[in-house]
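Chain naming follows the written order as A, B, C, D and E, and within any one chain the residues start at number 1.
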């Protein structure tokens, strides 16, 4: 089904491999058989019109949406849709949301430490050390004790990134993580993501920041109507769209 | 009709009033703790995956919320003995208050849980936390913080409602009022004082619970 | 004054019990019936007025009178000094003995035997006031809002014993309840009086005249026969 | 001696239920009208009026209905106001209901987003026009479910009037219990009767709320 | 106080004239003496960091915020802060909000007609004619009977614009009217604004759409810390910022 054009170099074992993913909400099929692979260390951006299924695909990868059909393989282990306990999968796949979703009753540090404590059962001292390190990485080492409501949107989103990072996931999924931010706060979050990319983190991003996608990503995936209809290096896709849909999308985004 | 007010005659009965206030306060505080406990359990049960449990708790909530407290009290005190369950009056009163508050608290807390943004739960899940962990560490605190004012109002309603426990000879504040007026025949003075005491208790309880809420849920209130 | 009003409006408002058989209870239509109701009817008839029955409980019958909601209290009301400060009493119109009652098995014979036991009584009744005077701290007295509560508490076993009138106990006995109230000891001979507000001299005189006449011509005795099973005692 | 059949018990309770319904209706209608007046005074841009209404609400929400009932019933006559059980019940239920309804409705007015006030203000509507055309229509819609829900409290509240001699369901229940010695049966029936009156109200409140949420 | 550089050509009587506007929220002074003038037919964009006071200034102009000091002159009539009834002012000044603020219980047409009916007391027929015309102008003539909840965000915002337009204001204030929209819906609203500008409407916009501001506006106003610290033709300000603050702001916005 998918028009994968082979521009991603073949590799013995991708870190994330999606095969024929299908998902319906009631009568509406939102994902119509998606195949995709993300290599270790790769940074992949997903673009497409609203409603094309980007979020649904991303959420499927860590089990927030239960897929109807297909196989998700992360780091060699398969998840098939009938599987009940998705926690093992989620430990490998981190996720950052558009709306930050920080826990409002916990300080920045506690947000980062919570899962380390209750899921990984680490002791207090090593939780704290890991949290401090993660917050330092996003440039918020000094905000350990601040509550989310006292942080700017950009800072909150960086804490959310640190919270995921601290769990040491194999791959980090980011769903429009700058869309809820004031324009001037966008760059601080993007620069954190850029840094992660440079350090070799495997990233799968849904984004509307075309310039950023162009500069930072290794590969671009264009979704349309529940399918991936183009993928390849960003510059190529932007400058020489093969499909009318992508051409139109690029035109629309750049019109402003 | 010329009526001469005589509040001084109440002084003889001060110990009765004090005893009444103490009983009302005691019943309310114990009832509130147990009732809120039931509410938390009930709310957890109502949002659980276990359908029979959900239905059972739902039936309990509806049954209690749609019958008067006085009838529940009579049922427990006068009715249950014919099934061989005989509770002394204060235990019967306490049980009635706990059951009553428990039902309302279940509904209130559940509303708080429902109001938890879905994203919070998803964030917890994508960090690998289990359902009960998410409930315990992510949902409960902010939910309680959010509904604390509603819960406070309900606790006060239960405190005021406990006035009908005088009907089964629980010696709380309105028992004291009725007892005194049946001895000194001065209903105005007695009821006026008792009502003022209730108002003071309500205001005081609200203040106390607000402070308690600040302490317990200050962090949740940051939401 | 009250008498003037009654003769003008031709309505006599009387506080009667509905939870105190045989003086006052309810029929299957929930209308009050009993000794006190018949007595109220008798007085009203002599006054040439229609009777308007107001069901009250022991604890609130005096406020009903003092707040002017009724003209008379005919509610098996006993006389004591405290009450006489607040209201006036007519001559006696019915016999009444207070006692402590309990189930057969209970070994109580005198006041001292009550120690450690729980006694139910109706708040504000003569029994309540008299019992409160004679018992010590060792006795738990449970005071219910009305006789309904007291009787229910005894029958459901929530209290072991009750203090009430002999005739009341007899009436309960007659209905064959699950627990039978047996007389353990008498507290007080306390006949019933009609209660009136203070400063209603004309009405008081009139009521006394009616009762005296009714005692003499046997009409009150007929009521006693009907509800208590015996004629009026001579010394009333 | 008298013997109550099951049918006697039930029919007496049903007859008594008329008074429960009637009392509830009086409380709800009078309380609703009074509550609306209190609401308007409570949200009017007039400080002293607001303060007075705040005290009114605090007073009647902060004391037991039972005590309000006793005071109206036994105390007003002492200052020369004649009160029958009917007036006492009607007056105290009205006070109780109006205080709660005013507070519920104020919450609904507050729930209309601030942006609605601002948008209508910048279209040059006056305060009255804003209320009439923009705020109240929206507040009214969200007020229906909690108002219907509160009517359950009113029905249950009427049980307390048994204490001043009203032979509504609860009082009838205690009287019959005494004549029949079957508290379990009688109070069971009493509970059922209340449930039959209240549950439909609860259900419709929930249904209305759901409809509202869908419409949003 | 203001660094007005005189780049706005002097004119006998500006349509909107602000003199020394001051406003505090509690102890915090948010507007620290703002002077500004908008000529008839001019399109002015206001830019600046979050919190610099742009919204507060805009809201002051139609009396949603009561200013502490200064004079607002619209079409020759003065408003001073002590004035109680602001309705006359509001008839001259229309406002469109970020959150649309349509009346949810009224259809699109009724939203537009409400103020015509109750404020301007127009009869039914002329209300309806005016509403139809206003909706047609924003391209929504066919949505007269649709309720806000059945309209997309972009359509809702266009109804909000029509609602203000129908009152025939002298000047229209727009506060970030595209910020709450999905990216692809932004352009439909901007094109309506562009059309209004071309037709000669006097507009004062707060916006983050820099490209749009550059293309459409006659004048740009840069606010910083409660003051206007630069103003002039957009191209000049963007390409040759005089202050370090503006230079930094431009850099930040264009960094993405």
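The criterion applied here is as follows: a contact is a pair of C-beta atoms (placed from the backbone, for glycine too) under 8 Å apart; a residue touches a chain by one contact, two chains touch by 3 or more.
The UniProt protein names, listed by chain, are A, E = Amino acid ABC transporter ATP-binding protein; B, D = Amino acid ABC transporter permease.
In this text, all values refer to a predicted model and were calculated from it rather than measured experimentally.
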Under the touch definition above, the chains in contact with both subunit A and subunit B are none
Find the chain most remote from subunit B, comparing centres computed as mean CA coordinates.
E
Leading the contact tally is the pair B-D
Cα-centroid distance, subunit C relative to subunit E, in whole angstrom
83
Whole-Å separation of chain centres (CA-atom averages), subunit C against subunit D
37
Which whole number of Å gives the spacing of the CA centres of subunit B and subunit D?
19
How many Å are there between the centre of subunit A and the centre of subunit D, using C-alpha atoms for each centre?
53
Would you give the residues of subunit B that are in contact with at least 2 other chains, written as numbers and ranges?
1, 78, 81-82, 167, 187
Expected list for subunit E, residues touching two or more other chains, is none
Touching two or more other chains in subunit D are residues 74, 77-78, 163, 174, 177, 183
Per the touch criterion, the pairs are A-B, A-E, B-C, B-D, C-D, D-E
Complex contacts: residues of subunit C adjacent to subunit D:
18-19, 25-30, 54-57, 60, 63, 67-69, 145-149, 151-152, 155-156, 174-175, 177-178
Which part of subunit A faces subunit B closely enough to touch in the complex?
62-64, 86-87, 90-91, 93-95, 97, 99, 101-106, 114-115, 118-119, 147-150, 160, 163-164, 167
Within the complex, subunit B is touched by subunit C residues 58-60, 62-63, 66-68, 82-83, 86, 120, 123-124, 128-129, 142-145, 149, 152-153, 156-158
Provide the residue numbers of subunit D that touch subunit E in the complex, in ascending order.
113, 115-116, 118-126, 129, 133-134, 137-138, 141, 215-216
Tell me, which parts of subunit B touch subunit A in their complex?
117, 119-120, 122-130, 133, 137-138, 141-142, 145, 217, 219-220, 222-223
